């Protein structure tokens, strides 16, 4: 049986079972859409969190009256630490300005105070600090050992809270991702099985007139692959359309306008399409197997 | 009686017994062989085991004991993967037709050729010819549901004979046909037989073999009553 | 010819034509009436319209033109909701049996009584009796797939007659039966007829009515050939 | 047809189509589980956010040198404002202490400074401020008009950001809730339809032997109701089991232990069970309708 015959048979078969095929494909589409939708939300949250997360860092106070020449050395040592993203030197004047800004209307309290009462400091930004707050602790410990460093501040309490939060978030995301994937796979395979059940008489007849398993399975597998492709494809197109809608602010209330959303990375898209096809293929294959015996 | 003694029989049943679950004995120690090119009637009252015997021959059921040989090969030794090859050598008219409801008449008949891998043109030619010969010309695009009972039965016959198999097993193939159509079918079978096809024809209609001198195997409650 | 002239005919077809899509004329201007208590054979070659005529009577198809009266009521005027009531008055033996594959023999036959609302005990009593009379005693727990073709046909007959309907439409009910069983079925029909049941019996088997003096309606290509 | 017969027929039917019934029910279960799972996450996030949200408020600075007797009057006026949850008086000393705490090691800057340079103030906590940040603005505007009030601070910028965030969050939650509900309903009804398709021959036969539509539909609807009940029931039990597991910390990493989780409100549980039953009923009814004509 050549490929052309196979494709022709598959297409004919789809035409003859249009309703069933459309319904099954819709189930595939919806299952995948749900999974992708939450992936998209996750990716965007992650994206926002990453941007926000770069504001997390460690403040390094230097010893009072430190030798000016030591500062570049410390700077380089800080940068060399694994996980450090960038390092900014905060002069005494800069620190004083920040305090003034914090006090706002109450800044008159600082009138006549000399800026030098604040120490020199470095602000060390840590990579992925939001997702792995324990890194801050590790890096802070390393910094403490550097010569000329007086004190390291990284908001111990705050990091602990963050740890709990990111821990929960991670667990929730992983659990729901697994649940969604599992459900999608399960629902799709159940639907395919219902479909094959409904056609078992046909399989039996084909077998009795001398069709090989390959001949019988061929079009079904072809259809399954197409179904996986279609299902995932439609889901992705639908998702992309809503993504465009939302990010162009057409449907959303004004205040979200101008918000930068990201779409799913193309690797994930390809992966999902592939998985969808494999899932439909395997689901069909295993549903048919028991009817193809003897 | 047409018989060509060119060696081994094409079908042999050796002390075959078929027991269905709950101790229903459908066939009891049947020994029978058909020579190549033979035309044999299989008869007996309702429930005597005719269909069961045929089912064993097309591998729809397995014998509880005894051996079955097709072209000298014990079917127990046939691998699963090779069964389709054997099935293609056997054209079966099923008692309940077994037509695909969602394919039209043409496609149903073409199936037996597609399975073997015939070309598009050859399929069209052969199918149309066989439909014509069974009085179904012009009904190729109908679906089984749009045919009368007798027409469906003839589609089933068409599918069984279209790929000119060396063996034809016909299970009550004229139960829904009037006497004229029945004679036509018998004539077609005769013609195929004359070209060397071995035919096992199960029927309860005594008239079909009353005049002929063909072999008649009679079953009653799963036992063979009369040999030749 | 049994005929009781107590007024209106139980079944009347007045110039009934049935055309299937694509201009297939299955019945062409049929006018026919059956008196209450009549036993009428309907015959004709394969595809002549026998089943179609019966389908019109049990509302599976609608006539393209003409009127059909059952017990004097034009079936066009029967509301959708009342059709089941009429269907229960008509026992049908379908040519393709139409047994529920996932219910056993007992349940299949009991269906016709459940639908009417018989009690549990009555159902058991009646079903077993009718199965017995058709040689299916002890096969109540089998599923249709576990029966021979003839046995399935008898289950279909059992279901049609179990609730003693005033009208029986039998479509080729002996096509899969041997001559002994066929006679048994005819006897049962005779008995029911003697008790007043109107029977329309479609068959291609001329032998069934050869000896009798019953009315025979012959169809050919959708037209009535001979009256009485 | 009495109820007993109906139930008997439905049960028999289920037994005879065990595989199909089980598969369809599984689809119902999974669809509902997914919906409930996300509801649970949402409810818990809302719960946490509510607790956190009560920390949001407006700071009201009083005019310098205000008449001490006016303070209780202002206090009462503040409390009377719609949406205000509670009001706390912050004396000058208290405000000074807070500033010291903020400056931490740098508090020496305040040495010798008089506490009275800070004004008296009230901290006004606003109900549900996290979910409706615009309330803060409204309340702040009202407070400004009170006699003796100098300035009202509620972090304008911060509220604007929060507005954007809660706006997005609300939209995401509503969109995913609708998507999930819609998908669940759709998948369930498709599955039911596939099921009915597979049995259309049976319906046809029943019709032909004189069964009324009620007789035919009866057991199907019964089964559908049971299916809805079972599907939702199993989903809820599964969810509750994982909830217990998580909240007792058996399966979760240590740092979440002791975390107080809430389960879905029983109204929602009842609603979901009811909806599930109605959905299965309607799905079955409409799938069957076309086979019950004529």
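Quick notes on this structure:
The letters A, B, C and D name the chains in turn, as written, and every chain counts its residues from 1.
The rule we apply is simple: contacts are C-beta pairs under 8 Å (C-beta built on N, C-alpha and C of every residue); 3 or more make two chains touch, one makes a residue touch a chain.
Since the structure is predicted, the reported quantities are computational estimates derived from the model, not experimental observations.
Touching chain A and chain B together: no chain. Common neighbours of chain B and chain C: there are none. Ranked by C-beta contact pairs, the top pair of chains is A-D. Look at where the CA atoms of chain A average out and do the same for chain C: the two points lie 67 Å apart. Chain centres here are Cα averages; for chain A and chain D they lie 23 Å apart. The geometric centre of chain C is 62 Å away from that of chain D, both derived from CA atoms. Contact of a single residue of chain A with at least two other chains is seen at no position. Taken residue by residue, chain B touches two or more other chains at no position, since every residue touches fewer. Contact topology of the protein chains: cyclic, one closed ring where each chain has exactly two touching partners. Contacts between chains, counted with the stated touch criterion, involve the pairs A-B, A-D, B-C, C-D. Listing the residues of chain D that touch chain C in their complex gives 1, 5, 9, 16-17, 202, 204-213, 215, 293-294.
Note for the complex: chain C touches chain B at residues 20, 24, 44-47, 50-52, 95-96, 146-151, 154, 171-172, 175-181, 204, 206. On chain B, the positions that touch chain A within their shared complex are 58-60, 80-81, 83-88, 90, 92, 94, 98-100, 102-103, 111-112, 114-117, 159.
Residues of chain D touching chain A in their complex: 19-20, 23-24, 26-27, 30-31, 33-34, 37-38, 41, 99, 102-103, 105-106, 108-110, 113, 117-118, 151, 163-164, 167-168, 171-172, 176, 179-180, 183, 186-187, 190-191, 193-195, 197-198, 252-253, 255-256, 259.
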